[in-house]
Amino acid sequence: MAPFDHPFLGGLLGDAETAALFAAEVEIARMVRFEAALAEAEAAEGLIPADAAGVIVATLRDFVPEMAALAAGTARDGVVVPELVRQLRRAVGEPHGAHLHHGATSQDAIDTAATLALLDALGLFSTRLDALEQALQQLAGRFGTTRVMAHTRMQAAIEVPAARKIDSWSEPLARHRQRLARIAEEIAVLHLGGAAGTLDRLGDRGPAVAERLGAALGLRPVVARHSERDGFADAAGLLSLITGSLGKLGQDVALAAQSETGEIRLASGGGSSAMPHKSNPVKAEMLVAMARFNATLLSGMHQALVHENERSGAAWTLEWMLLPQMAVATGAALRTALELVPEIAFAGRK
Amino acid sequence: MAPFDHPFLGGLLGDAETAALFAAEVEIARMVRFEAALAEAEAAEGLIPADAAGVIVATLRDFVPEMAALAAGTARDGVVVPELVRQLRRAVGEPHGAHLHHGATSQDAIDTAATLALLDALGLFSTRLDALEQALQQLAGRFGTTRVMAHTRMQAAIEVPAARKIDSWSEPLARHRQRLARIAEEIAVLHLGGAAGTLDRLGDRGPAVAERLGAALGLRPVVARHSERDGFADAAGLLSLITGSLGKLGQDVALAAQSETGEIRLASGGGSSAMPHKSNPVKAEMLVAMARFNATLLSGMHQALVHENERSGAAWTLEWMLLPQMAVATGAALRTALELVPEIAFAGRK
Amino acid sequence: MAPFDHPFLGGLLGDAETAALFAAEVEIARMVRFEAALAEAEAAEGLIPADAAGVIVATLRDFVPEMAALAAGTARDGVVVPELVRQLRRAVGEPHGAHLHHGATSQDAIDTAATLALLDALGLFSTRLDALEQALQQLAGRFGTTRVMAHTRMQAAIEVPAARKIDSWSEPLARHRQRLARIAEEIAVLHLGGAAGTLDRLGDRGPAVAERLGAALGLRPVVARHSERDGFADAAGLLSLITGSLGKLGQDVALAAQSETGEIRLASGGGSSAMPHKSNPVKAEMLVAMARFNATLLSGMHQALVHENERSGAAWTLEWMLLPQMAVATGAALRTALELVPEIAFAGRK
Amino acid sequence: MAPFDHPFLGGLLGDAETAALFAAEVEIARMVRFEAALAEAEAAEGLIPADAAGVIVATLRDFVPEMAALAAGTARDGVVVPELVRQLRRAVGEPHGAHLHHGATSQDAIDTAATLALLDALGLFSTRLDALEQALQQLAGRFGTTRVMAHTRMQAAIEVPAARKIDSWSEPLARHRQRLARIAEEIAVLHLGGAAGTLDRLGDRGPAVAERLGAALGLRPVVARHSERDGFADAAGLLSLITGSLGKLGQDVALAAQSETGEIRLASGGGSSAMPHKSNPVKAEMLVAMARFNATLLSGMHQALVHENERSGAAWTLEWMLLPQMAVATGAALRTALELVPEIAFAGRK
């Protein structure tokens, strides 16, 4: 019933490449990677035996989760990690299993894994933004001097070169790429705080463990941000800025492709079950839908900033329900825009 | 990556019974049911041959869609129906296949199927609301006279019997059941309009076909409401009212179950990976998350009221992305509340 | 800086008649009316001396609040009532002043006053919905048989009579009027609960006082709904349904009035500072803006359903920040639609 | 009826200093400043007579708008500038008046003025963020070593020093200040495009005029961004990040100040009309309300990214209805937090 991996709507609304980054198996694999690297870091700092770390790392390399038990555990605990740690410890066996997840808390694993996922997604989107800017540049190359009508307040205004319109689609994308680079830098932090953000079980070795773990995972060691959600909310804002700009492109294309306007012709359009003569600007419409979808969900990500105390089950869960969807919607919008732009032909004024 | 049918989060956030009502196969089956009943109604009104209707009905009874082709078709057309009709017509074969979907448009099939799904969901929710009111009544039976502290503006106010608190959870549910009955009645309409809402291809037989088809599907025949989305938006509002009231219940339970307050004890709580002594009010927190989720998505359903012209690809798609999720969130919240309430024990003032 | 009573934007976005219902002086007058009627009801039930009630009622008739002190009190207490009660008691003087507000709490006065304001607004909107349906009927009378192009998915579909389009604007309004009547009935309740909803200070006279007070104010006496906010959220949903349907009308008009389409001509349009030849569909655009505004704010009204415990300062304040604005936006949209519809001329197909 | 300049709610919810930046008179003064500087720049580039510029600049220095006529003009044109230009030209008189607003469009004046207002607000907020960080540092100085209970998922977890909690409030503010500095830099652009963004009436002098005008107003000359709204939406996101972090602080304070928890005592609390013994955490609650308010409105600012064609009356107006309110809410939240923090005393564990 979810739109993105829906058996038939997914063809229209989904994006396999982005969705793969948020697949449950991949999420678990990232948490397992966190636990293995944690054990190594803690062994290097003398907090757990080197033997234990060796066995943990070796075992986790081949770990396959029992997904049904994870689901049952998540239903019970509100979070997957306690059951995952049980499975991991069982796989590692005694006596080393007990050293796994030492001094860490569920949120350390989950927020770190979520950060890695988001960074992967941002990397993908950066590439696509770049490709899209190039596609728009090519469009400008083909049609930039074609005269088109500018419309203000839904009325014909004056003629402008198509390049003006194309630039107004492209320039925000360049700004989004800069924002993306900056946000990717800002959020690339390790979430390691232990029960209440103080790494209380790691004694004076906490900072050194964080340093090592961060280095292993490519994340900056900082004081844990369990209850400081501005990084995730800011990233969500970027996703919605991207889809919003693509939605504007889509809306413009749909308006210019209207039967009566005909300033844009689309190489491909969607078919109708009642009117075979029609060619619908489906991809342009999708961009508008994705923009409004993310603009809607963004509000919830900002509601989740009111994250009470040292960890809010409610606010945190709300993020899980929203942010991956926003990411896939962004991926789908970028994919759709990359398909749409090469299909655009400016016909000039009728 | 979607929360509700997620391999492990689904255990916490999903609701299998509600999700089943929105499963892709079930959605397709409802559209197929629409097409079969349409053929029968049109044959009865002499618009298509009775033979054709007979073969259509018989064939559709055993129809199994090719889902991958439906996904590809949806990606192309923006809507599943053109490809579905192709598959159905091919299954029926010549010469009768051409009579299938006569005079109808994609939105007729989809909006009618969506209405049937929503009505099923509302029926389920009505039963659950009823069961939840009974569970709250039993809770009042057990603990109604226990003195608990009322809190206003986050401060202890005066003592009240627990019955007062329980009633404040229960009474909105009774109102929601009434709203639900009324909305279920209001939205139980047949969406049959043809290309532009005028049933142009059915000549003067349009109203008679609608009458027959509505009777077959249990829906009132009305002038098509393709671009009038108030029924769906109003239903979405009801879903958010329900989860909102359950979120209030959940927030109250989590506050009363705080370690320092301890006025409520929960028979089961979630475990922590770092602090085995803790018992977390996971179900109560879920109710808050679901409330904020639906409150967030509701906004998009109302944005979709700005449904331009006779059919908006963008606004309509936005509904598909939001309403089923809101329904499953509502089902999940009701399920969770039904689990939570029997686990509540009022401990009285410390 | 607020849009509705802004010195120059107010001309475009405001609605004086609706705004007057939510003016601070009028809000205070409603609370004063509540306090006077409460005193009378309590005297009739023997809870306060008849003399006191007499003096209270007589004094409150001419009461003029010191607004600056109310603002200071609200800043301190988070709610205007404590300072208002101080001013009222001072005006009444000793010994009767102490009997004013007996057994009531701030929320009793404010929620009851808010209910009365909302009922007034709904009454006004019902009248305007009725007038707007008539205006649309007249439009159909003038242009109903004109052939216009139906557009689906932003593409010309088939010709339909303008009556079809006009009906799609009008029929939701008829449904909204029915919803409005029902919601006005549902929310017309007295909010009287005392400190924690149990009327604890009124002994066994609570229900009788509520009965009398409700009768005096035209509101049903019910168990107080201090923390049950579904009535207000449901009413907010109705406001957004109304503006949403008007936004659809506005969007359709703006699209049909496009220079290239020209199916609708508007008797008046807005001027441009750069292009004197233009005639902008300003009123149509306003309707879209109002629809999206209310769709946005509605989300917050549903977030406020998570109203913790017996009274939430945070959630309650959030309602104050949203609901009056939504009401004025609705009034402004209805006013604008009533101006726009008579200016519409269907030109027929170019 | 608007919350921020409401006669009595304004005391609680408003912020005079921020509101002053968005006052109608100040907005007009900024547009007048734009027109004067434009005339000077155009004269320097030989587009209008130097005499005209001289008279325009001298006249505009003392210009007092007729506000009622501006309201009427805005109602008619959807935008204040056409009537404002009329008033300005009348004030300048013939023959020079005709040279005022040469080659510019309404959006040039309004977006530039809005940018200046937003930059002023961001400057004010930066100062307040700085002061708030200092106040939190002082709080840490006083109470940083006090042991307080960390709470995760609404349950007591382990003890931590109060400094941990205070840091979790403070660190996001430091990040917000960095975001603010960057966004202030990004949005500090001149909006000058003429009718359709091409400065068509300025011939080859467009860039030079923009250069001069930008220098005069302290804004970077760029290609006009009339329909590229990412700067405003991004700034709105920042406002909501700020209020969200303050809402988290407020929620934490309200929870720690609960009667049963008592880990925080507030020097001042709000009074109750029913329970004189209570001391309500009004300021903390306000911070939560402001956070949820801005999180709600942010969605609409992102919906407005779908800004059709070269200028959207609907999407642009929606911004006017939302962004100033978000700014004042941010100012009010910062003001309230600055009042609240010095009133906090950590009492340590009961």
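Going by the order they are written in, the chains are A, B, C and D; count residues from 1 in each one.
In the analysis below, a residue touches a chain if its C-beta (ideal position, glycine included) is under 8 Å from a C-beta of that chain, and two chains touch if they have at least 3 such contacts.
Predicted model, so just to flag it, every value in this text is computed and none were measured.
*Asks:* So, comparing C-alpha centroids, which chain is the farthest one from chain D?
*Replies:* If we average the C-alpha coordinates per chain, B ends up farthest from chain D.
*Asks:* Which pair wins on C-beta contacts, B-C or A-C?
*Replies:* Between the chain pairs B-C and A-C, B-C carries more contacts.
*Asks:* Based only on mean CA positions, could you tell me how far chain B sits from chain C in angstrom?
*Replies:* Their C-alpha centroids are separated by 29 Å.
*Asks:* With chain centres defined as C-alpha means, what is the inter-centre distance between chain A and chain C in Å?
*Replies:* Between these chains, centre-to-centre, one finds 39 Å.
*Asks:* Hey, what residues on chain B touch two or more of the other chains?
*Replies:* Chain B, residues with two or more chain partners: 78, 105, 151-154, 157-158, 195, 251, 254-255, 270, 272, 275, 280-282, 285, 288, 292, 295-296, 299-300, 303, 312-313.
*Asks:* Can you check the complex and tell me which residues of chain D touch chain A?
*Replies:* 78, 105, 150-154, 157-158, 160-161, 164-165, 167-168, 171-172, 175-176, 179, 182, 186, 195-198, 200, 223, 225-231, 233-234, 237, 240-241, 244-245, 247-248, 251-252, 255, 288, 291-292, 294-296, 298-300, 302-303, 305-313
*Asks:* Please output the residues of chain C touching chain D within their complex, sorted ascending.
*Replies:* 1-13, 19, 22-25, 28, 67, 70-82, 85, 101, 103-106, 109, 194-195, 201, 250-251, 254, 268, 270-275, 280-282, 285-286, 288-289, 292-293, 295-297, 299-300, 303-304, 312-315, 317-318, 320-322, 324-325, 327-328
*Asks:* Would you pull the chain C residues touching chain A in the complex into a rising list?
*Replies:* On the chain C side, the touching residues are 149, 151-158, 254-255, 257-261, 270, 272, 275, 278-282, 284-285, 299, 303, 350.
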